[in-house]
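Paired with chain B in one complex and with chain C in the other, chain A is shared by the two complexes that follow.
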Partner chain A sequence: MKGGTNPVSTTTTRAIVAPGAAPSLASPISARPRGRRQDHPLWFLLPALAVLVVFFFVPTLFNFIYAFTDWSSFKSGISFVGFDNFVALFANGTLLNSLRVTLVYAVLVAIFQNVFGLALALLLEKDTPLNRAARVAFFVPVIMSALAVGYIFQALLKPEGALNDILGFITGTDISIAWLGDTTWTIVVVALVHAWKWMGLSMLIYLAGLKTINPDVLEASRLDGAGWWQTLVYIRIPLLAPAITFNVATALLGSMNGFDIVQATTEGGPGGTTELLNIFIFRTFGQGLFAQATTMSLVLFLMVMILAFPVIRFLRKREDVL
Partner chain B sequence: MKKTLIGFAAVAAAAALVLSGCSDPTAGGGDSAPADWPAQDTKLDGVSLTIWAAQNSNTVPESVVAGFEELTGASIDVVTIPDPYEQGIQTKVATGDKPDLAFWQPTASQLTALNATTNLQPLDDAPWLDATAADLRDITGILDDTRYAALITTPAVEGVYYNKKVLADAGVTDLPTDWDSFVQLGRDLKAAGVTPFYEMAGDRWATQWWVQVQLADAAADGLWDRVNANEEKFTDPTILGTIETYKGLIDEGLFNEDIKTATFEDQGDALLAGDAAMVVQVNSFFNQLQSKASAEELDETIGFFPISPSGNVGTFIPDQSNALVAFKTGDAAKEAAARQLLSYWLGDGYADFVETRETVSLQDDVATPDTVPSALLAVSDSLGSSVGSMQALAIANPDLYIFLADMIQGTKTPEEVAQATQDQFAQLAKAQGAEGF
Partner chain C sequence: MRRRRSLADIAQPIVTVLALVLLLGVPFWLVISTAGKSQAEALNPNLAPPSQWQLFENLAQVFTEGRMALAFGGSLLVMIPAVFGVLILGSMAAWVLARRSSRGLAVVYALAISGIVLPPAVVTIVLLLRQLGLAGTPVGMIGVYMGMYLSTVIFFVTGFVRTIPQELEEAARVDGAGPVKVFVRIILPLLMPVLATATILICLYIWNDVFYALFAVGGRLDTLPLNLFQVASAGLYLQNWHLIFAYIILMSLPLLLVFAFAQRKIISGVTSGAVK
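Right after this comes the complex of A and B.
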């Protein structure tokens, strides 16, 4: 954008073309004549475009429009009320509290999910039969229903649940910790559950990233006398940058939209300390205040956008080393 | 440039399309002619009706459905809508999906939430009304002088369920006769080493009963009318005072130690086992006990008395399993069939219904089966003199229970509970277009 360069086109080129090979490959592509679209008439796009408009474009637009109305379950008419909903929402502290909780949750999930994912990927990097089986096992939670995961953990983490039983068996004392009943630490616990569910996906992407690292580079570092840890910190993690970009961005932005796991484990409690914005939206919608709920989802949408651009930009910047 | 123009035109056209479509799909139900009530045995071959029910009410209509299908030839489909039931129904109705009948909380606030005037059939002059016990006929189901809900079972009452053995062991012979003696009993029991009260803040929803029973006198004195008109607020001394009292009793240690995490299930177990002496709850709590103990055991151990600041007045709170509403679907034949089903349910089919459900009868001519447990009889006895709860009398139903649970967890003060409840109430009242908000 600034300085006249187009970051989108340069970065996509880099993502598609392997590092180092770019100059030799770039020229044939740009040399191709521009009349290429002649062989595919534009109206071929229509069916796909229709689906896109009906299922993505229109609902998003509705989301913007309804936020400025008084749509509710209480009456049939819908009229515009300007910024009333926004003013009322921001005057009420609940929305800001939910935004704060959502942000904390998203950051925690992003950290846990990536740390676990990377650790698993490093642990299961070698293609042995045992590792292959373990990878499948760690990927299973990813394809499980999030609500089911939530309810299972809710049962495990109850004061009289299995986790306390196990701890009690090990320590030989009676333990009844309310894992989901602490107003300070429960958000960490639910973020851990969320990260547990999705860490298999991060693992898979880190594994793919590790596989693409050129063995010559690793061999060179070994010849230079670098230990395992040095290789990891100075060679492998920098070279994993594209995988990190994808994993951090999807974990952070995906968990901003979190709902199912928290709803199943705590329903936003105790004392509203895990009330994500989506749970607040669900509760408001359930009260029949459809317009207010729409306004909140618009606020969430804007917040994800505001967060997404700088985060992704920062992470892409790290890829410049490649 | 031309392409930009075309793109702009496309966006503008799409926006116009969206804006013109910006109306409530449920609009246009219109007024129907004054309802006629078909005879209960009118033939309905080929007519199919849909009833929406919740997970805890989907077996309620069984005997009625079987009897009605045999009598009329209609086919009835009971569809279970998953919990949270009310939210599910509201969302479906808002998008234009309606059944013929649905279980629904017959209170003014919940009828408003369903936009009753547009979506529901008025049930004025229903044939069963004369047969209904006089003091229960108009207790609920009415919004703006129009009847929209048919009450099929006795509404729930907020009151005190107690363990008879625990009180007997502590030497208590006379039950409390007002709030002060009730709290005193709690203190005496605590001094005797018994946990007097049990609350379930882990599951949250029952926290509001403690506040509501304290408001019974004020409710009889028109509290909720004043709240509805925005002349009195949750933050004013009457309601805020009850929240502070509740907090005070918890701080005094009169409740179970695990109050923050205890669940509905724990509460039932604790009262049955005698780990706690008393619980302020509604009928669904007793249903929970019935799933855990035999009828004889319950008659022996569990009793009920209503409580209010000045005496033994109950606070009634009809719930979704107590009543049905009939929707305006636009199909006159089905609408008439739905009314016919209701008149059969509360007519020829009622005796059988009461018998199979082992529930208290609402009609003087239909006897209550003697299998009904004594605690439930005490509940229904208190109904005639009871006053309405917030849900029954206020125009909106704010999440008071969530805020009270927050208070028990320590994240809200009583003042913040009152303020949050008032804010939400005002928001809901404003959305309804209530005057004064």
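Right after this comes the complex of A and C.
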């Protein structure tokens, strides 16, 4: 008997307490806080985090441990040696040399890649059929293997190579400059090759950035009597700040982690003047000096950490000012 | 002003063609002409056309000697699972990271995207792979690539998910769909544009990577860049420039063909997100 009356009474009370559309509203509201969490369960994070932990964080952690050991292919055991690796690499000059070379290379690449990219973007700005074809063509090096690009330029830049042939043809004299054999200038040449490979990407990003500039602004500056150069320097380049941030940051990061192009052109030579950190790591690893390679890998990690974040923050701040 | 502009209009195509010829034409002609020469003629690569074209013979020779078919298969074997893996695991994580907020998850997010900037620890990755018994295996290589590029996917997708209105999910949930169903039916299809961009970028990186492959698989798996490295290391010693360049042509063809057919998508994909 009770069972028969109860449902009726509850429905009536509910109807009285919350009249109208209340029942359908009331239940989601009370269920929402808990429902929210179940709607996006944390276990969705687990597979990605597991892969990141195993293949990214654990090796990085190992980096901080094995840099302080004598791990090598010549011994079976591994024991701690404190800062011996750092001291040894510092004392024989390779640590500072590789750091310097990597930094110089990164800065040169960032400059060249952005200057070439912007120049190409300005050259190919108008939407003509020729320009559209040229944009596609300049993107081809971007999709090619960097190693392949390196070998192409190794052939091109030989003392008896094609570049010297062209220069000799123009000047009418025999030219045999060893572009990849100079202890001072080869790093500049290799940075130019790196910039050549990636300039198409910078070009596309600058083109996209140029498209976002309001034509009214350019028209206004033109009416004020600004020439092409003034408009570029005072209006367009400042308005390209987001594209510049992206291009400089990616160029710096890409070249600090550089390997392929330098390995294929100079292998770090002549005399270690183009020996990037990654070239050193690869070479010493190949010699079985694992701990030394790990130490340099840690140096690279710390260098990127110390440099990349401030650079990105600085560039972002410049955007905010505008 | 007007006169200067018309001068620029005449000069622009000339400068463009000159830039194309000097910056792209010279290096690419060097590749093609040298790949068409005999070993004797290619000894010192120059811009002269081969006295007798033997491009196809060289391509055929390098195809067999460079174990091209194996390397192509190896490259695909590593790239496809790695790309699918990062896309799926990355979007799953990004969905939750975009929709929920707490201090703990903010830290998780910061750590998860740190790999965009921070370089992977190549040497100790080898140690880890050996300990896991994955050194020199495709699985190990796939894991390494996934660890490297998950950050990129999580970063891109999290930003994108935040632009998808919650109401779309709510509507499905009212119909009784659980989180898996909401993710697969509602979220994943909407993520396609950003996943396409991520796919292009990551495929480019993995297909062309040689540095991390040298450490993770060494000589125990053939991939196209690894075999180029071997062919060239041996070839430079023997001055076989015609074979090195023939290999470069064959190796670049797949990506060039994909690019030729999908260039508009690839270009817009690569540039999207960079400029806001």
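Brief remarks follow.
As a convention for this text, the second predicted complex is superposed on the first by the 282 of 322 C-alpha atoms of A that agree within 3 Å, B and C clash if a C-alpha of one lies under 4 Å from a C-alpha of the other, contacts with A are read in each partner's own complex, and residues count from 1 in each chain.
Keep this in mind: contacts are C-beta pairs under 8 Å (C-beta built on N, C-alpha and C of every residue); 3 or more make two chains touch, one makes a residue touch a chain.
Note that this is a predicted model, so its numbers are computed, not measured.
In the superposed model, A:R283 makes contact with chain B only, not with chain C.
Once chain A of one complex is fitted onto chain A of the other, the partner contacts of A:F259 are limited to chain C, with no touch recorded for chain B. In the superposition on chain A, contact of A:A191 is made with neither chain B nor chain C. When the two complexes are overlaid on their common chain A, residue A:A88 makes contact with chain B while staying clear of chain C. If you count the residues of chain A touched by chain B and by chain C, you find the higher number for C. Once the two complexes are laid over each other on the shared chain, residue contacts for A:A178 go to chain B alone; chain C is not touched.
Contacts of A:A155 after superposition: chain C is touched, whereas chain B is not reached. When both complexes are overlaid on chain A, the residue A:A251 reaches neither chain B nor chain C. By the touch criterion defined above, A:D165 lies against chain C but remains apart from chain B after alignment on the C-alpha atoms of chain A.
Applying the stated contact rule after C-alpha superposition, one finds that A:I205 touches chain C and leaves chain B untouched.
Where the contact sets of chain A with chain B and with chain C meet, they give residues 57-58, 62, 66, 71, 158, 282, 285, 290.
Contacts from chain C toward chain A in the complex involve residues 8, 12-13, 15-17, 19-20, 23-24, 26-27, 30-31, 34, 44-47, 85, 89-90, 92-93, 95-97, 99-100, 108, 111-112, 115, 117-128, 132, 143-144, 146-148, 150-151, 154, 169, 173, 179, 182-183, 204, 207-208, 210-211, 214-215, 224-225, 228-229, 232, 236, 241, 244-245, 248, 251-252, 255-256, 259, 263, 266-267, 270-271, 274-276.
Across the interface of their complex, chain B is touched by residues 53, 57-58, 61-62, 65-66, 69-78, 88, 92, 94, 158-159, 178, 180-181, 183, 267, 269-273, 282-283, 285-292 of chain A.
Within the complex, the chain A residues that touch chain C are 35-42, 44-45, 47-49, 51-52, 54-60, 62-63, 66, 71, 120, 123-124, 126, 128, 130-131, 134-148, 151-156, 158, 160-162, 165-166, 196, 201, 204-205, 207-209, 212, 228, 242-243, 246-247, 253, 256-257, 259-260, 264, 278, 281-282, 285, 290, 293-294, 297-298, 300-301, 304-305, 308-309, 312.
Taken in their complex, chain B has these residues touching chain A: 14-15, 18-19, 22-24, 26-29, 84, 86-87, 90-91, 93-94, 112-115, 118, 202, 204, 258, 260-261, 399, 402, 405-406, 408-412, 420, 423-424, 427-428, 431-433.
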